[in-house]
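Right after this note come the structures.
Each of the two complexes below includes chain A, the first together with chain B, the second together with chain C.
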Partner chain A sequence: MKIREEKLNDAVICILEGEININNSPDLRKAFDGLIKRNEKKLVVDFSGVSYIDSSGLATLIEMFQRLKKIGGALRFSNMEQKVKNIFEVTKLHKLFEIFDNREAALKDF
Partner chain B sequence: MIFIDKLASSLEGVPVFVSAFIKKIECLPLEEEEVFNIRLSLEEALINAIKHGNKLNPDIFVQVSAQKEGGSLVIKVTDLGRGFDFNNIADPTRPENLTKLNGRGIFLIKKLMDKVEFLDCGRTIKMVKFLKKEAESENQRRKT
Partner chain C sequence: MSVKECKAESIISLRNVSKFFQGKTVIDDVNLDIYCGETFVIMGCSGSGKSTLLRLMTGAIRPDKGSVALKGRDIAKISSEELDEVRKTFGMTFQYSALLDSLNVEENIALPLREHTQLAEEIIKIIIKMKLSLVGLRGYEEYYPSQISGGMRKRVGLARAIALDPEIVFYDEPTSGLDPVVGGVIDKLIKDLSVKLMITSVVVTHDMHSVFEIADRISMIHKGKVVEVGTPEDIRNSKNEYIRQFINGSPSGPIDFFREDIGMEDVLDL
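So, the complex of A and B:
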């Protein structure tokens, strides 16, 4: 999985590419650690390049959601393909996370 | 038998093992979404077997088999652990469980596969996916 970051005003867009699985979820957690250390509070995760996510990936996202919430930050998701979105819907995590069709809509929601 | 193999109880090997499995079932009439669901279910079953069954002991293995039974693909994953109480699994979609980091594996498998059974006190999980495309073509053939 590739993780790329873009800064836009006071928000960070984290662009993910590839699969989020048991082997690379720790890399995603590390990237999130870096954002917390830099005191970034507004994060959009762009899923446009994500083709697969398992329960370890979901756990990493929930963890980040909680960490951001604790420091008064917010997490938004965008550009999910349907089969990935389905995993959030099946697990009802779409009720916990804010999922938007595109980055612009996600950024506008902060 | 379409597939029979074993995996050492180390999580690093799971994605590669699952990819090899998916290659073996490419010959079956499955939609892309069904393959995605089988892949995720197998991965979750292996992670549970390695972590909770075999307690991450790399010296012991998880056994995986798959076969076509009638109009279904039947996958079995077996560990060497003590089993577990599969009748008492918390629902991760309940509001109080939604932010918990663990406990979604079996729930996902049950949602993404057509039938799930636990055998041998929970040491084996049997996951079934109906081959709908094959059934549809059979129905079509009968009609004509």
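So, the complex of A and C:
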């Protein structure tokens, strides 16, 4: 998995690529830790390059959602492939997270 | 979650597998292919060899002849370390749940996560909540096995089996000892996990109601041999006399419950 960050006004876009699994989800958590430390409160996670996410990846996103909520921030997702979207639907997490078709729509929602 | 790409290919493949215990053939030249994403049921009477077959597929025992391949790797030939790696890709539920009584539900499910991963405790706790939610037991984290029913223990066992997002789950008698309603709940759960998460399920059972409820394909085992493999429809309509006797639960037929091969001379050691 590759993680890339872009800053756009007061929001951060976190662009993920590859498979998010038990071996690399701690790296994603570390990247999220960095954002919290820098007091970033608006985060869009761009899934356009993500082919698969496992339970540890989902748990990492849930934790980040909780942390951002605690400090008055917000988390939005964009560009999710259908097969990744299916994982969110099976686990009913699509009801918890805000999922948008593209970055622009996600950014507009803040 | 699993939901990996599932191609129509054999994920478990047994070729000419035989197993002998104390000179007796318990598995006799078995050939089987189990496909990705399907629910495959192995049925047969007590002592037919179905549990031995399950133990061969999980690498708990090795065949004396033939090969057992999981995702193309012959687990009969790999080292113990490699087998440990393969084992991370499948989960297993046991007839008596096999939960540790001294640990609560959360700690039981956490076992494989703490043992096989470097995940932070906060993440492990979230995963446990997700798994408990999938088996309909959200909020039971603090309960001990002795404080919940048999059916709930089976569901906790299932939550533990899927903790590491396995591609295959092996079920050993998942509905035994349960009333029909709770048995139906377990059946639905097995089917749901298989369909929603694309988990390949291998179920050993002699619960006929369960067999037809969950199976995509069924294999009947008798005296260590595969009698027939087919869809539930094939098995229901089978003319095979072993299958007819098993389905109808008839005491008379080719399946001999009173071992005719053992005479009084053998019993009395004359």
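We adopt the following convention: the second predicted complex is superposed on the first by the 110 of 110 C-alpha atoms of A that agree within 3 Å, B and C clash if a C-alpha of one lies under 4 Å from a C-alpha of the other, contacts with A are read in each partner's own complex, and residues count from 1 in each chain.
Following the convention adopted for this analysis, a residue touches a chain if its C-beta (ideal position, glycine included) is under 8 Å from a C-beta of that chain, and two chains touch if they have at least 3 such contacts.
Predicted, not measured: the structure shown is a model, and the values here were computed from it.
Chemist: Put chain B and chain C onto chain A via the superposition and say whether they clash or fit.
Modeler: clash
Chemist: On the A-aligned overlay, A:55 touches which partner chain: chain B = first, chain C = second, or both, or neither?
Modeler: Both partners, chain B and chain C.
Chemist: Look at A:63 in the shared chain and tell me whether it touches chain B only, chain C only, both, or neither; answer first, second, both or neither.
Modeler: both
Chemist: For A:26, is the partner it touches chain B (first), chain C (second), both, or none of the two (neither)?
Modeler: Second partner only, chain C.
Chemist: Just to be sure I read the superposition right, which of the two partners does A:105 touch: chain B = first, chain C = second, or both, or neither?
Modeler: neither
Chemist: Answer with first, second, both or neither: which of chain B and chain C does A:96 touch in the superposed model?
Modeler: In the superposition, A:96 touches chain B alone.
Chemist: Which chain A residues contact chain B in one complex and chain C in the other?
Modeler: 22, 52, 54-56, 58-59, 62-63, 83, 87, 90-92
Chemist: Once bound in the complex, which stretches of chain A touch chain C?
Modeler: 22, 25-26, 29, 52-56, 58-60, 62-63, 83, 86-87, 90-92
Chemist: Going by the contact rule set out above, which residues of chain C touch chain A in the complex?
Modeler: Chain C reaches chain A through residues 1-5, 117-120, 122-124, 126-127, 130-131, 133-134, 163-165, 196-197.
Chemist: If we count contacts the way the header does, which residues on chain A are in touch with chain B in the complex?
Modeler: Touch residues, chain A against chain B: 19, 21-23, 52, 54-56, 58-59, 62-63, 65-66, 83, 87, 90-93, 95-96.
Chemist: Any idea which chain B residues touch chain A in the complex?
Modeler: 11-12, 14-15, 32-33, 36, 39-40, 43-44, 47, 92-93, 98-102, 104-105, 107-108, 111-112
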